[in-house]
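Structure first, commentary second.
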């Protein structure tokens, strides 16, 4: 049984400070949804509001269509996995997992049976009698998940659960979490600041900044078609050029960036309509590093500019080439590492180009800080 | 570096003197418990005997100097002390716990006030707490008329329990506050989230965590109650606790029976200390083995395999114990040799004293007459009063007291 | 308040509230307030209390200062003398205690090996599990006319007649210092332990003598410990009853003994209350004074 979660106009204020401002989103039942954003953007606060530890100052939280206002965390059909896991150190693993059954008065036998089932689900068979401190980080994670799933909640909330793990383990756990979610079929609401996590695991992503939900969409949408400059620069790497609109036609805008004209497709708003950009508006044009290419030959795409190579960085599967444009702007250009970059020497000047379709034009706004 | 050397020597000397000062009186007192002489002393050594632990003796002035086993007052006092201590523990531990938990839940302005109020009892002199309890309940008893209230209000045991609880709760409070400081509150939230009710969170998560604090505060409360004098002496009214019995004895009849009592308590304390140290060392060893095993598992290499065959090392303390044992045996031999032990010795000493006694009796008679003729007025603030209060010193003439 | 009940559940919340109110109000506040009230009332037999004769009066406090109406002295020299004597002795004992315990605390905190530290601390605690009365008794045995010290000195020929140590107050001072050593050492030890040893080494390195190092570096750091220890020792000494009872001589009388006398001998509870209040006020005043001088908060003072 899983339920949908809806946030209607939810604002959460602490005195004068708004941790969340007018958040509206509907998370479908059975969906793996991630709230993605930098530290302090309000995602933990939203999670606590959904789980019942906070009451929203304005707006409503609905789970399965029911208004959760005034209902405490122990009465909601949600389970929360804390960032520090909050496992009970004085109890064994099996007792931890079966705790939610214990407080409901389930018999010892039935509890043990269910604990064994869950241990099996998270691949920790036979570890039931161990004490929590005897387990490794990844094992503790799985205990936390098993514990949360014991009473079959309708919604599972996860607060940056993988942040304490090392890279390889994190990657492994990502796949596992996804697998568990699909097996169990309940709604997962996941919060993280790591966009790699969000993108690999989720069905949909909600990008948050400074208490506001900037964009909700599928991973592909959020990456390829960001609605705001923040989303464009937070999710993945992006080159941003600021300028004024010269011409608009058929969804393509021509933007004057420091004297050069670039064309890019006009981006869409959160509701799906194209941004209403007009001539003379301040806009930003975004080009992904991998969408740049060396301008060679006559059949080059329209947008061209030259830049000086500063450094070349090897990142395993990619090579990142950092350049400075003639107007002293930092540019990042990425190519697969199999690409032959012997001709690209730091200090030399090259010409880069990109197609209008791969560039996005959006109204000016704050960018994600590096 | 001579200055360093002299400094070391000086320091060592200082520390030795310090601990001599600390333990000296106690050791001497313990030794006097075994001297059959009526006034606790080491020289002259009359006879080695256990009499003060058992039946004591009747002094020649008619006063009964009872030994430990025979002293009824002492037994009654002991039982009363135990009863009171139990009562105090039952009250103080929950009070201290409640106060500590609530402290963590109030916001900062109220918190300082609350904390200060909780600490206050420790700053009151014990006598003040005892007095205020008695005074208040006397009034309550008067107002309450006949019946249980008036009976309770004048009952020494009830009043003492209340008075002691007042400040012993603060000790418990502090212990709980320290323990709670390191409590991970997300555990409470996790439990709530998993469906536990507030009461269940309290019983299943908080209490198990606080168990060590509950244990240690119970022990501290018990000990503090048991050995309390200042408050008890005012609130105990007509009853007696162990401490008030001791105090009365000390005032009215100094005898080595008190040394005997002290010796018993010292032995119990030492045993408790040794046991405590023993358990602690064992737990440390267990932890060390556990962590070594864990490390071994994690590294899983042959290089870290410990030798299972470790030589059995003698703890250094064995030598100290052997030394004491040796001394005890030597001392014992001396005592037997000099005929200082046993019924013979005691009989001889008694005879010597009997001849002394007749003279003393006459002296006492004279003193008693003079005191009566002087009379004592019920006034206040005059120096003479103070003597009467703490026992007629004449009684101790030649038995170990002082003339004016 | 409703948040409080919500957080703890109704049963537990009620339990907390009852426990705390019982303690703070009923055991701490009301008895002291009642005693304060009583100190201002005349000494009436139980049945007459609350009646027409029961008016507020300052007679008891006046008695403390001026003496009874029948005495010819201008002031109550005896009672005030006892009071000043007690406070003065308490202060002296506190200072002696401080000087005496400081080197030991410093040694344990800084110079001893960890094993030695544990053993030393254990060795310090053991005597204090033994009742104060018995410890004072031990001192009495030592110092009494036929006590160990006198006997020893007589036999060694150093004395011709027994010295009345008790009357000379030597016994009392020794006993009082002895009684509260633990309460001075532990705060000192705790405070000194937090001192970074590197600071001491740096000072030595820069050429400071040991004395100066202690005066300028160690002692300021141990401020809180000194304040705490001194406060506890002073309070307990001024309010001590057990030790003065055992070790008292005709020349020394302790203020608490005076209170005891008013209560149990003369059955004048109002006057006893008044004197108790005086003792209480002095105690609290001293604590506040220490806190102000050393600039520590009350939380740091209590163990």
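Chains here go by letter, A, B and C, matching the order in which they are written, and residues are numbered from 1 within each.
Everything that follows uses one rule, which is that contacts are C-beta pairs under 8 Å (C-beta built on N, C-alpha and C of every residue); 3 or more make two chains touch, one makes a residue touch a chain.
All values reported here derive from a predicted model rather than from experimental measurement.
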Most distant chain from subunit C, judged by the mean position of its C-alpha atoms: A
Chain pair bearing the highest count of C-beta contacts: B-C
Rounded Å distance between subunit A and subunit C, as computed from the means of their C-alpha atoms: 64
Distance between chain centroids, defined by C-alpha means - subunit B, subunit C (Å): 17
Junction residues of subunit B, two or more chains touched: 197
Multi-chain contact sites of subunit C, meaning residues that touch two or more partners: 6
Overlap residues in subunit A, where contacts from two or more other chains coincide: 72
In the complex with subunit C, residue positions of subunit B that touch it: 7, 11, 14-15, 18-19, 21-23, 25-26, 28-29, 32, 39-44, 94-95, 98-99, 101-102, 105, 115-129, 131-133, 135-136, 138-139, 142-143, 162, 165-166, 169-170, 174, 197-199, 201-202, 223, 227, 229-230, 233-234, 243, 246-247, 250-251, 254, 258-259, 261-262, 265-266, 269-270, 272-273, 277, 378-383, 385-387, 389-390, 399-402, 404
Of subunit B, residues touching subunit A in the complex: 184, 186-187, 189-197, 200, 204-205, 208-209, 294
Interfacial residue positions of subunit A with respect to subunit B in the complex: 51-53, 72-75, 78-80, 82, 84, 86-88, 90, 99-100, 102-104, 134, 147-148, 150-151
Residues of subunit C touching subunit B in the complex: 4, 6-9, 11-12, 15-16, 19-20, 22-24, 27-28, 30-32, 34-35, 38, 46-47, 49-50, 67-68, 70-71, 76, 78-79, 100, 103-104, 107, 111, 122-127, 129-135, 137-142, 144-148, 151-152, 155, 164, 166-167, 178, 181, 210, 235-236, 238-242, 245-246, 248-250, 253, 256-257, 259-261, 263, 265-266, 269, 272-273, 276, 279-280, 283-284, 287, 298-299, 302-303
